[in-house]
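Sharing a structure below in C-alpha cells format, with a few things to ask.
Chains: A, B, C and D, in written order; residue numbering restarts at 1 for each.
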Amino acid sequence: MFDESSIHAANETVQGDLARDYDALGEKLAREGIDIETIRKRATDFAVAVPSWGTGTGGTRFARFPGGGEPATIFDRLDDCAVINDLTRATPTVSLHIPWDKADPADLLAKAEETGLGFDCMNSNTFSDTGGDHSYKYGSLSHTDAATRAQAIAHNLECIEIGAKLGSKALTVWIGDGSNFPGQTHMGRQFERYLGSMKEIYKGLPEDWRIFSEHKIYEPAFYSTVVQDWGTSLLTAQELGEKAFCLVDLGHHAPNVNIEMIVSRLIHAGKLGGFHFNDSKYGDDDLDSGTIEPYRLFLVWNELVDAEATPGLNLAHMIDQSHNVTDPIESLMVSAMEIQRAYVQASLVDRAALAGYQADNDALMASATLRRAFRTDVEPILARARLDAGGAIDPIRAYRAAGYRAQVTARRPKVAGGGGGIV
Amino acid sequence: MFDESSIHAANETVQGDLARDYDALGEKLAREGIDIETIRKRATDFAVAVPSWGTGTGGTRFARFPGGGEPATIFDRLDDCAVINDLTRATPTVSLHIPWDKADPADLLAKAEETGLGFDCMNSNTFSDTGGDHSYKYGSLSHTDAATRAQAIAHNLECIEIGAKLGSKALTVWIGDGSNFPGQTHMGRQFERYLGSMKEIYKGLPEDWRIFSEHKIYEPAFYSTVVQDWGTSLLTAQELGEKAFCLVDLGHHAPNVNIEMIVSRLIHAGKLGGFHFNDSKYGDDDLDSGTIEPYRLFLVWNELVDAEATPGLNLAHMIDQSHNVTDPIESLMVSAMEIQRAYVQASLVDRAALAGYQADNDALMASATLRRAFRTDVEPILARARLDAGGAIDPIRAYRAAGYRAQVTARRPKVAGGGGGIV
Amino acid sequence: MFDESSIHAANETVQGDLARDYDALGEKLAREGIDIETIRKRATDFAVAVPSWGTGTGGTRFARFPGGGEPATIFDRLDDCAVINDLTRATPTVSLHIPWDKADPADLLAKAEETGLGFDCMNSNTFSDTGGDHSYKYGSLSHTDAATRAQAIAHNLECIEIGAKLGSKALTVWIGDGSNFPGQTHMGRQFERYLGSMKEIYKGLPEDWRIFSEHKIYEPAFYSTVVQDWGTSLLTAQELGEKAFCLVDLGHHAPNVNIEMIVSRLIHAGKLGGFHFNDSKYGDDDLDSGTIEPYRLFLVWNELVDAEATPGLNLAHMIDQSHNVTDPIESLMVSAMEIQRAYVQASLVDRAALAGYQADNDALMASATLRRAFRTDVEPILARARLDAGGAIDPIRAYRAAGYRAQVTARRPKVAGGGGGIV
Amino acid sequence: MFDESSIHAANETVQGDLARDYDALGEKLAREGIDIETIRKRATDFAVAVPSWGTGTGGTRFARFPGGGEPATIFDRLDDCAVINDLTRATPTVSLHIPWDKADPADLLAKAEETGLGFDCMNSNTFSDTGGDHSYKYGSLSHTDAATRAQAIAHNLECIEIGAKLGSKALTVWIGDGSNFPGQTHMGRQFERYLGSMKEIYKGLPEDWRIFSEHKIYEPAFYSTVVQDWGTSLLTAQELGEKAFCLVDLGHHAPNVNIEMIVSRLIHAGKLGGFHFNDSKYGDDDLDSGTIEPYRLFLVWNELVDAEATPGLNLAHMIDQSHNVTDPIESLMVSAMEIQRAYVQASLVDRAALAGYQADNDALMASATLRRAFRTDVEPILARARLDAGGAIDPIRAYRAAGYRAQVTARRPKVAGGGGGIV
C-alpha cells in the first residue's frame, strides 16, 4: 500500500487552493440548480477496473521498449494496481488475464486482502500460443479443427473456474480469429463454429455469472474478423442467452463510426454489458483514455448516465490500454481520472432542459446543453472526492514525489526490450 | 422499344469474333471441369432491377449538370429503361419512387406492357418535402411530432397500395432521419419512434409482400442516423417480423468495412432481403457498379452464390447510382453488365476445392481459388447470353450507333441546370 | 444594426454572475501565473470572418429545408452578418462569393459602412453553372477545353477586380474539378492545366493581394479531385510564387488524418495562408465549429498560437459551414464563439513547461499540460470581452429575446424548399 | 538453387495447355491491335525486389506463429529468395535490412554469386533497439537528444557503407518516430531535427546513390508520425536535394486516399523514387499484393506505365509484406506475379483511345478502356515469360512438388513462437 503520510504531505500544499476552487464551482453550479455535493457523491462512488497486464509497458509489432521496474508477476502487478487505487480511489478492482496471471487462488486472495483490491471480470487468451498442444495460428474458438476448438473452450472454462474462486462474476471473451485473405475461411461456417464453442463455454457459467462478447473490426486478422462489429456481437449474445452481453471497446470500430449510438442501440436491445476504455486516432491504438477525443468519451458517458434508470442495466467498466511511452502506473491513474471526469461532466447535463430542446427540435440549444456540461471544469469535484477518500489531490505529483518507480526499478529484475511480433 | 434491326446490324460485325472467343473460353473452362453452357444459362437467367430515377442525370449538393433528353415523366423513364433492357437483356424490371413516379396505375401497366418491363420494389420518399402539410426537416418516421410521423406512415402505405396494383411485392424504406449535432435527438427514443412507425407500415403489407430496411452510415444527417448500420437494420427486421428483411446498399458503410461479411451475417440471421448496387471510394458516392473496386463486387457475389441453396433466401437486386457525368442509360447498361459479370465470375469458383483449402487452412490456395475465377474474362459468356436473348453483343456501341440520345434530346423539353441543395 | 438597448437589457440580468465567475477564474489563473487581463485582451482582439452565404439555410443533395426570413440578396446577408457581429463582437468582416453576392461595389461599401462591417477574402465559383457560355460539368480551371478554362480564369479575375474595390486583399480558389471514374481524366495533365490557369489568375493579383489554394479530398468529384490534399496544394503554392498560400478547411481531409500536423508542416514550408473553420464527423459535413471534436479545434489553435511569432505568418480565418437544421445566424454566432474559445484556451498553454516536458520526453505531463488549458472554462473571459466591446454576454439569449428572426420572416419573401442536386 | 529438373517436370504436364491459351490470347489481342510478343517481352523484363526479412513468418503485436524451416541467417534468407526467383524469374534482387542481415560483405557477395541474385536498396532500422547505447523509445533521427540522433545517423551511414560494397545504389529510410499524445512532441521542431539528421545522411551518399524517404500515416506512433504523408515526404526530398526521392508504400495511407493520384503528383514533382508493394484493407496490414484490391494495384501501374517515357524517372520496386498465415516463399512468389500481372495488364491499355476519350470527356468509354485491359486474363503471357526464362509455369505447384519447405524444416533449427510486442 502506498505510504499514507506521503499522500498527506503532497495534499497539504494544495488543499487550500482546492477548497477555494471547490467553493467557487459550487456557487456557480448552484446558480444552475445543481447541488455540488450530489455530484461529488457520484464521483466518490465511481469505479473502473484496471487490467493487470496494463501495469507493464506495452509495445507494437515493431518493438517494445520496457521501462524500469516492470512487474514480473501478478503479485508485482497487484502492487502496482494498489498504488493506482491508493492515489486515485477510483480503481478498486483488477481484471485478470489467464494464463498471464495464473497463480494459486489462495495467494491471489491473500494479496487482494493485503492491497485492498478486488477482482473484476476474467479475460481469456486464445490469440497467442501459450503452451497448449494445438496452435491458434489459424484460429481458436472458430478453428476448423475440433480439437483446437476444444482446447480453447477448456481454457475459457478454466478462466471461469479460477475467477469463481476469486469472486469474479464475468468472463470477457475476445478472440483474434478471422482471416488475412478473401477465401481463407468460409465466413458463415466460421461464425457457426464460434457460436458452437461459445455455447459450450456458456454452459459452464455459474448461475450468477455473465459472459461478454467483445467485437473488434480488425487486428490481428487483417481481412476478416469473426466478431467484427456490434451486429455480430449482438447476434452472439442473442443466440447464447440471457447471461450473455456485448462489451464495447472504444478503439475497436471502423473510422468515423458513431460509438455512442452503438451504446444506445445495445441498451435498447438489453444487451450492453460493459466497456473497455481507451482512446484512439487511427486503429486499435490503445491510447490513454480521454487524450485524443475527450468529447467522444463524454458523449458515451452521456448515453450511460441518461440510461442509468434502465431496468437490468449492469455495466462492467475496465480500462484497456497499451502504455508504450509512459510509466504505466501514471497512465492508468490519469486514464481512470479522465473516465471519471467524463462521467461527472455527463452527470451535470440538464436532462429536463435537453429533453425540451429535443422535443422542440431546437438543435442549437440541445447541443449547447451538452457542451455546457462538458466545458465545466470539474477537477475540484474529482480532487475533493479523492481527498475525502484518502487519495491524492494530484496523484501524479504524489506518485512522483514518493519515488515508487525508482524503488521498484531497484527491486525488480531488468527486462530486455527488443523486437515486436513482426520478425 | 429499341429498334431490333439496329441491334442486329451492330451485332453482325463482331459475331464472328465472339464465336471464336466463346469457343476458346469454353475449351479452357472445360479443362477446369466447368461446362460453359451451364454458366451461360446462369448469365441468361440473371436479372437486376433498374431505378426509374436513375435515368435522369444526378448531381451533388453543389450542382447538377443535366444532359440532353432528360426524361420528364415516368413514361419517359420507362422508355429509357426499355432501351437498357432491350440491349442488355439483364434488366427486365423497374423500381419506382413515389411521389416522383406517381401516375395512373392503369397507364403504368399499359406502358409496362408496351415496353416489356415489370415493376420491382417500391421506394418511398420522406427525405425531402414533396407537398405534405408537415415538413421532414427534422425527421419523418422518427419525428418527435406524431402528426409528421403519421404523414410519413401514410405515404409509405400509399406506396404499398400503388405497388400492389402494379405487381410489386416489396417496399424498400430508406429514411434520412438522424441529427447533425450531439444532443439534437435522444437516439434511443428516436429509434423507438422509428420502430413504432415501421410497425404501422408493416401492418399494411399484403400477405405476399416484404418490407426492406436499408441502413446508411450518414448523409443527409451528419452526426447520427437512425438506421446507421446493419446492426440497427437487423434489430428493426427482428422486431417487425418475418416479412421484414435488411437491404444492403454497397455505398452505405464506414470506411474499410468488410461488406461481404455483413452479407454473410445477414444470411446467417435469415434476414438478408436484397441489394442496392453501386460503387464508391469515399462516401455514398453512388458511382457506377464495378468501376472502383470490382473485386469487392465479386466477393459480395461470391457470398451470394455460395449461399444460393439456403432455404428461404430470396433476394431483390437493384442498381442505385447517381450518374453525374455520363449518359445515364449508358451507365445503367454498363453497371448491369458489371454486376452480371461479377455474378458469373463468382459462379466459376471451384467450391469443392475451396472448401478443401479452407479445411486445411491453406490460405494461399484458397485465396488463389477466388482470384482464378475473378480473373477469368467472362465477357464472351455475357455477350453470348445477350446475343441469344435478342440483345446487343456490345450494348454501348449499338446504343450510340442508333442515336437514341439525340432523338430524345430533340423530343424532350430542355432542363435547366443550376445549384444543388447547398444554397 | 442590432438594437443596443436590447443587448443591454439582456446583459443586465447576468452581469453580476459574470463578474463573480470572472474574478474566480482570474484568481485561479493567477495561481498558475497567468494574467487574465492579458488573455482577455487576446479574446477582444480575436476576429474570424463570416461567409455571406452562410446566412442562408444550407442543404444536401437530397433536399434543402429553408427557414423563415431567408436572406434574398447580399444586402439582406450583410444585415444578418451585422447581427452576428453586433452580438459577438468577433466577426467584423464578411467573405463574399461571386456571382452570388454580385452588386454595385459602391452599394456594397455603403452597406458595409452602415453595418460596421468590412470585407474579407473573395471567393470564386466555378463548381456550378451560373450563366456562362461554357459548362463546368467536366471541370473549370482544369477543363480539357481551353475556352472553358478561359471563362473560369476570367471569372476569378473578375472576383479580384470586385474585391479590390471593396478593400479585400485575397482570393480563395476552391474548385470541384476532378473525376468520377478511373481513367476519366489524365490526372497529371489535368493538374498541369490547373496550374496553367492559376498562373493566369496569379498574374492578375494586385501587389498587396494573396491567393489561397484550398484542397479537398472529394466531393463533388468522387474518384479523384485535382487539389485533393495539402501536398498538391503546397505544390501549387510553390509553383505560383510568393503571393500564393494554402488554405486549410477542417472538413476536407481523409478519415483519421492529423490536421494539426498539416498546419505545422505548412507553417514550416512558409505556405500557410488561412482556414475555413467548421466541424465534421464523416466527410465535408460542414457542421458547426467545435460541436463534434472540440479538442481537435483546440489542437489546431495550439499550433497557431505556438507559431504566432513566426516571421511572415499572416492568416485569414473564415467560418465555412452549412446550416441545415438551425437558424444560420445562431449557428454562426455559436461557431464564432467556439473558435474564439479554442483560441483563448490555446493561449493558456504553459509553453515553457510544455517545452521542458517535450525535451524530457515526459509524454504524460506534456499531454496533461495541453489538457489542463483545454479544460479551463474560459467562458467568463469570452463573455467579458463581448460585454466590454458592446456585445452580448449571451448572444443567443439576446438574439432570441429581440425577435430578429420573426422580423425578417415577416419582411422577406418566403423561399420554397424542395429537392437537392440529386434529381 | 532450385532443382531445374523438378521445374521441367512440373512444366511438362501443363505446357500444351499453356501453348493453346497463349495462342488464343495472342489472336484476341491481335484483333485489338496488340502484339502479344511485345507484351511478353515486357513481362520478361519485369523485376521486383524481394525483402530478405519477408522470407520469415511475420506477426502482430499480439503474437507470431512461426512455420517450419524459418530462415535463421541472411544466408538462409538468400537461399529462400533464390527459390522465389528460380521459379518466378521476376525477383532477381534482394533488399537487405541492417542490422538483421549484417554479415561479411565478401560472404554476401559470394552467396549472391552462388544464388544468382543481386542486391537492391538498403534498409536501415531505427524503430527498435538493436544494441546501441541510446534507445529509440522516443525517436531516432528526430529524437530530442543529439547523441541519439547521432547514433541513428551513424547507423544509416553504415547501411550505405555496407550497401556500397554489395552493389546497392540506394538507401530507403523509414522511421517510426512520432508521438502517442498531443503535446508529446513539438511537431515542427521534431521535423526540423529529422531534416537535420537526413541532411547528415545525405552527405554520406556516394555519387551514384539515391536516398528514399518513405511516409506512413501511423504505427508504431499512434497520434503523430514525423513523415506522415507524401506532402511531408516531398518537403523532405525537396530540402535534401536532387538525390533524394519519395518512396510510396501502398499500405501507408489514410482510409479512402487515392494512391494512384499521389503517384501522379510525385511524378509531376520529379520526386517519385520507388514503391513498397503489398495490399491492405484497414491499416498497414502488409497483406499479399493484389489480394484485396487488385484494381487499385492496376491503377497504380497504369500511372507508371503511362509515365514510362518521363525523363529521369527511375523507380525502385520492392515487395514489403508480412506473411503471418502462409509459407512466406509462396506468398512472395504469388505477390511478385500479381505485381507483374498488374504491370502487364496496364501495358495493354489503349492509350491513344484513352487520350481521345479524355479529351472528349467521354468518362464512360475512358473508364471502360481501363477495365478492358484489366479484365484481360494475361496469365498465359506471364506463364510463358517464366517458362522461357527457365522458371515454372505454375511456381506454387512446382514448389510444393519439390518439397523445399519440408527440406528446410528438417535442416533448420525450430523457432519458438510466442507473444508479440504487446506484453
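Here is the rule we go by: contacts are C-beta pairs under 8 Å (C-beta built on N, C-alpha and C of every residue); 3 or more make two chains touch, one makes a residue touch a chain.
Listed by chain with UniProt protein names: A, B, C, D = L-rhamnose catabolism isomerase.
The model shown is predicted, which means the values in this text are computed figures rather than measured ones.
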Open item on the list: Applying the touch definition from the top, give me the chains sitting in contact with each of subunit C and subunit D.
Closed with: A, B
Open item on the list: Need the most distant chain from subunit C, centre defined as the mean of C-alpha atoms.
Closed with: D
Open item on the list: Applying the document's contact definition, name the chain pair with more C-beta pairs in contact, B-C or B-D.
Closed with: B-C
Task: Repeated interface matching A-D, over half of the contact pairs identical, chosen among A-C, B-C or C-D - done: B-C
Task: Centre distance in Å when subunit B and subunit D are each reduced to the mean of their C-alpha atoms - done: 38
Task: Interchain centroid distance [CA atoms averaged], subunit A/subunit B, Å - done: 42
TODO: Scan subunit A for residues touching two or more other chains and write them down.
DONE: 137-138, 179-182, 184, 217-218, 223, 255-256, 258, 281-282, 288, 291-292, 295, 325-326, 361, 363-364, 367
Task: subunit D residues within the subunit B interface of the complex - done: 17, 20-21, 24, 27-28, 31, 255-256, 258, 281-282, 288, 290-296, 325-327, 330-331, 334, 341, 361, 363-365, 367-368, 371, 374-377, 379, 396
Open item on the list: Touching residues of subunit D toward subunit A in the complex: what are they?
Closed with: 53, 56, 58-65, 100, 127-129, 135-138, 176, 179-182, 184, 217-220, 222-223, 255, 280-283, 285-288, 291-292, 322, 324-325, 417-423
Task: subunit B-touching residues of subunit A, taken from the complex the two chains share - done: 137-138, 144, 179-188, 191-192, 217-218, 223-224, 228-232, 234-235, 253-258, 260-262, 264-265, 267-269, 295, 299, 302-303, 306-307, 354-355, 357-359, 361, 363-364, 366-367, 369-370
